[in-house]
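Worksheet for the structure shown next.
Each chain carries a letter (A, B, C and D) given by its place in the written order, and its residues are counted from 1.
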């Protein structure tokens, strides 16, 4: 047995186990896990450190078109490097279908961009805007033929919002290939109606944002999506669940044995919803959809992570510059919540923020791995190549130092954004070394690679989730 | 104290009490309730009988336009006479707004028709098809000015189905006058989608009717209506609840202290849903919307009646001739469930069918009165003139004989329909005398009045429900 | 029709209705309810007032033996007069069986005492200490023969606490006559164990009282009593429910259609549990069992009253002098929670305190009547003689003035106690006249009778609850 | 890297992962897991087979004293060999404390017996009969000093049944060392009372067994044990949960974040409760406590296994000969359910019976491993030496063949019993090779070892569960 690299003596953590052992790597893959493996040309001393499967970020927006005139400052280079520095080793962004562009063309364009710039392996979700029957009957099958099985739809947003009929058509098509429908669950007509009502009453300050999209908007969309999926037999994954009430709907569906899965994001777990009560421009940093809720909701989400009503944690990385005309938009006197694009950065801070739940004993470190790596890999067909520490898997590993807290500082991050919404929050765990395909890409505070090198991973059948 | 009529020695039952006493009537109203009231020119011996407030049927379709070419055979004369023979003394049918007719014109037309032919006092619900802003801003206020406060909307049916936005606009308008929105809760797009799917698979036989509109269609509509009402602050009454799952949504809303009320109908309480499993033409007799469900659902509805998650029981009287080209439609070989108009007769059998729950000790006789008379009166502003046995109230009384069971026979009924779906069912209680405004209209098996004489009752504020 | 007295023009409220009418009274009973009844020798102008059935206090301790050396200062005279001044017209205290005294002897002694001193009609519950088989087989049947059907048992307190086996024996005996078992639900062994643990840790100050008997003590006892009753088929009434968790058990049982009823008391509805956090002697005023809980619990109880998981409201009147060696015990430096007898006064303030829930629109005035008069009458066999305003019923009426708030002052009360725990609380409704058997006993701030005159009411079968 | 044995090419399954790899074993431990490990003197071809961590049976009665005159026919030799043939590699039986014997003496006696005869490594639970304060203060600490942390108590059975006070004392003592209290949850007094009631009515045939111990007996005991544990802060594990209602209590506790765990056994998962409805002697084969329930209950338990409200699956192996005077007892004409000792065999069939849930897709194979090996190891302090496939762990492995079903036949089993209650049931998975400490003990249908060789494993702190 010869290895290129041995990670020695770390505390290996998987979705089901924890144990101390060595990991032998050759040709970019894990070759063996053992006691006292033979020495190799390169070695990493992981004593007193935790060795985790690299994370999979299955919800991140990269190089998508501007929305409401706002542009995400990251490209595949900066986003993938930031991800790696945060312990993530695989990304699954969206093919955002634009008017007049076929999905097939979109696939090639995004794949080329990612291969050119991403340092991480990647796959894609289809983000479907156009649910006309002809699109469903011709374009979606082309994507299925390429192995893609996850299709994201929106119940809100002009240009994206789908009618019940369109949702049913998409769900039926995805169900036929046993794929998965990802849904942004907020009801669009009621959102619009409520925003207009607030505006008519002159209530357009930023403190009205969360009031404009109250929990019932998300709860009813969640119930509706579950019901439509039930009618079609489609597997459903509700993305970015933000509230106890939406989660209650999901738990209800799971008790009914409906094939419903759910995701949340770190921003919903921090109990900071009360920061949205202000009209100050600073509030814009926390504007994302659905809105961040209160402490009762984040408590419920933590319980859902522990108990299994939530299945994965993603970032929903969608950054906008805080102080820029094509970002959150520089404000000039009075800010109007309707003008602020929804979206937060998070691809690099996802895992360290979630790790606070491990430090607080809300979830075990095994569950942390399951939520952030193993289950996303299984759900989206990347398993057992990704999301696991086992012989034959890609040597995508994150080596964590756990202990003393350090404050989060945007200056330490690697995206192209100009702020973090959670500046100053003390974090008790951090990846100190990230290996991608057996190669150090982040180590001792240094980024050790140039953009590019990421490979498209064709989703395939793994264990059913 | 002088009386025109004394009902002597009956067991008086109200929503809260039972006791034996005499009722003295003068000038059409109850003048006194007492022990050994002085004798009167006319007397009714009610010993061993139960004296109940006459029922209020708050959901019945009378003289509405044809739908899908099907015509209800009853007019205000036959419907009101049948109702009276079944112990009902007040009806609240719909002003069914037709295209090109203002609500004000509809009001006058329906009122005139009812005054000309109904033997019972009546009020109306507005049945709104057209939710354009101008209708809401001009026509609805005219109805509010006439005292009407209940507005019925549909979430399904071509020509009636409302978008979420339209529902919100109506709800907000009704909430502003503290009225009540009645909703037919089935989601229309999904219904249509599912019907088309079944049809594509050649599944159009009558046994597919219930499968075309499964419980989730009603459950999601119920959740949606509750959510939209919550956003607007409107009081909501979900009509004809048919399933345990829809009821679960309502109970959930009530626990949240949302102002949500609910109605069911006898046809959903009989546990006969399995009769819908057949393709035989006989099945058409049971086709109504939502579909009649199984025994587990009817059990849940009985519990809901007992515990309070359901508030009222109405008939949803909407008869079609079984054997007629403009009714359920005579079948010719193969019946297609899409051609059968939805609706059952029930205005005369509502109370005797529900009484079976009293005989089976599922609900008390006091609760029976509350569900069928007192609560409808309170909810729709007819109280304390109707729905109560108390001095000052109209002398609308039903005197019941309780005991030996007799089979229901359509031949004994008084509507203009050609069948009852529940022919042969043994019933253990029946009204033997009905007084309307102190006048015998049904007694000893005879109808004692001619059409007409009913008065429009303007809804007013009663106790809040 | 001739009357001795007419109560004219009041707003009559019953469990199911509200209406304005006159009440004609003759020979102590209600003779008629009508519009414009003929005049009578005596009249009461009740315009702008509410006329309610007199309340029934079905949980009050009167002239029972001292417990832990503490003596209730009231006798049947003062307790019944205080009750009447608070709008209550019937009391159902306990036959507290003492060692060496047969139940038959206890019955005669209590009945004689009550007839001699009570101004109100009364019935009794059997309070059973001794559950030996011979007691159950001989003494209980004697009580059943006298019409008593309600038997109270304790799961805690030395000398009273019953084993599971004893509870089962009593329940089976009561079930055989279709009676009702009332249970004080706190588990005794765990209570004792926990008190000892606190004492070992030196935690005996009054602030430890509520911690000594946490909610789980009541919750488990409630679940246990429900389970044992289920095994025997006995009807169960859980007295003085204090917590959301115990109520959850009861609601669960009701959903299962088990014959379980429940009572709460005003002291648990006021959200004042935090006043128990102090070691000051003042805390002793609020010490009763189970302990008064926090605001979340009282909110849940109000919801239970509105929704029906709670059935009746009683006082659990059990006063001890605050400043006396044979009462709560004068304190001398350090107060020990184990020395303070459990019990609060409340027979006169029960209805006005509960009325605050009507003023706050938590419950309707009809539900108020149901909870405090009609349902207790039905449950304990006093209906339809008591708990109702109907011809033939006893003319036991409370005429209420509703509107301006006035602070509760013990100086205005009529018991023999030296304080009220709720001194100063502003109350918005009050009985201004109380009629017992058609006779004014409390009017315009004056007590108008002398002790005695109350009659024993033999429980009989009323409507089943 | 040199190995004594390589298990080559199997599908390795752990609590969190599945992957194909080789396992290299040296000196009884797993040395490495890798791709194409170097060859070794001994190899096992596991292609197309599943390689699982050997099971841990944490609830089995071995060499305990007779109860009610009934003797378990197995000793440590036959029980451990049977276990190994069924894929189990570690057992955790009970130290059954007998009157007059100290726990320390019991420990030595059981340990000696197990070392002499068991072929499997073992640990022990303390089975406590005597909860006198002096036992708790002196004998239990001796066991804690030996590393034992799990203490089993009974709420029923003469000689074993504990009062609430005794339970609290034991729980507090165990909580102080952060151990775990295992509880047999059936309430004893009510059981006795109900058995006597049935007997008085002459209902002693075997069909009365399940009626004698209805679900409420288990449900209330479960709620009680949870409540008492809550008072003391003890971790609780409810053994052999049999019913949906008991499980509901456990799920409730988990939602409250109480440290409550639960176990079930295969016999409760098979939906065969209706076989208990017969008075035939054959019924005796299924008599165990709590009784086996109906299909609704087993469905609920499967859901609990999938969702996490149940944590482990054990056998509760407690066999009695069917046809023997010192076993279930030979019957002579009329069988009396009171004479049949409770207990079923199951140590060899536990895993194959549970595997049916994998075959039916009720649980994943990963969850199967978690329930039967990983979690028991974590809960009882055997992890990471047992319950895991990882370098450094003992080489305790079960190699399974999955596919064609074969009927269970007692003739193929290895215990000393005379029957299996589930004779003939078709099973779709079976261990074909079992390794204990790297040594084949069961292979190709042959037992390859002689009794003895098992080691006592001292429980230690593993990951917290």
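Keep this in mind: a residue touches a chain if its C-beta (ideal position, glycine included) is under 8 Å from a C-beta of that chain, and two chains touch if they have at least 3 such contacts.
Note that the structure is a prediction, hence the values are computed from the model and not measured.
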Given subunit A and subunit D, the chains that contact each of them: none
Most distant chain from subunit B by Cα centroid: D
Computed distance of Cα centres, subunit D from subunit B, in Å: 58
Distance between the centres, which are taken as Cα means, of subunit D and subunit C, whole angstrom: 51
Interchain centroid distance [CA atoms averaged], subunit B/subunit C, Å: 41
All touching chain pairs, where touch follows the definition stated at the start: A-B, A-D, B-C, C-D
Contacting residues of subunit B [partner subunit C, same complex]: 1, 12, 14-22, 24, 29, 31-35, 37-38, 254-255, 257, 303, 307-308, 364, 366, 369-370, 374, 384, 388, 390-393, 463-464
Contact set on subunit A toward subunit B in their complex: 163-165, 168-169, 172, 187, 189-190, 192-194, 197, 214, 216-217, 219-220, 223-224, 227-228, 230-231
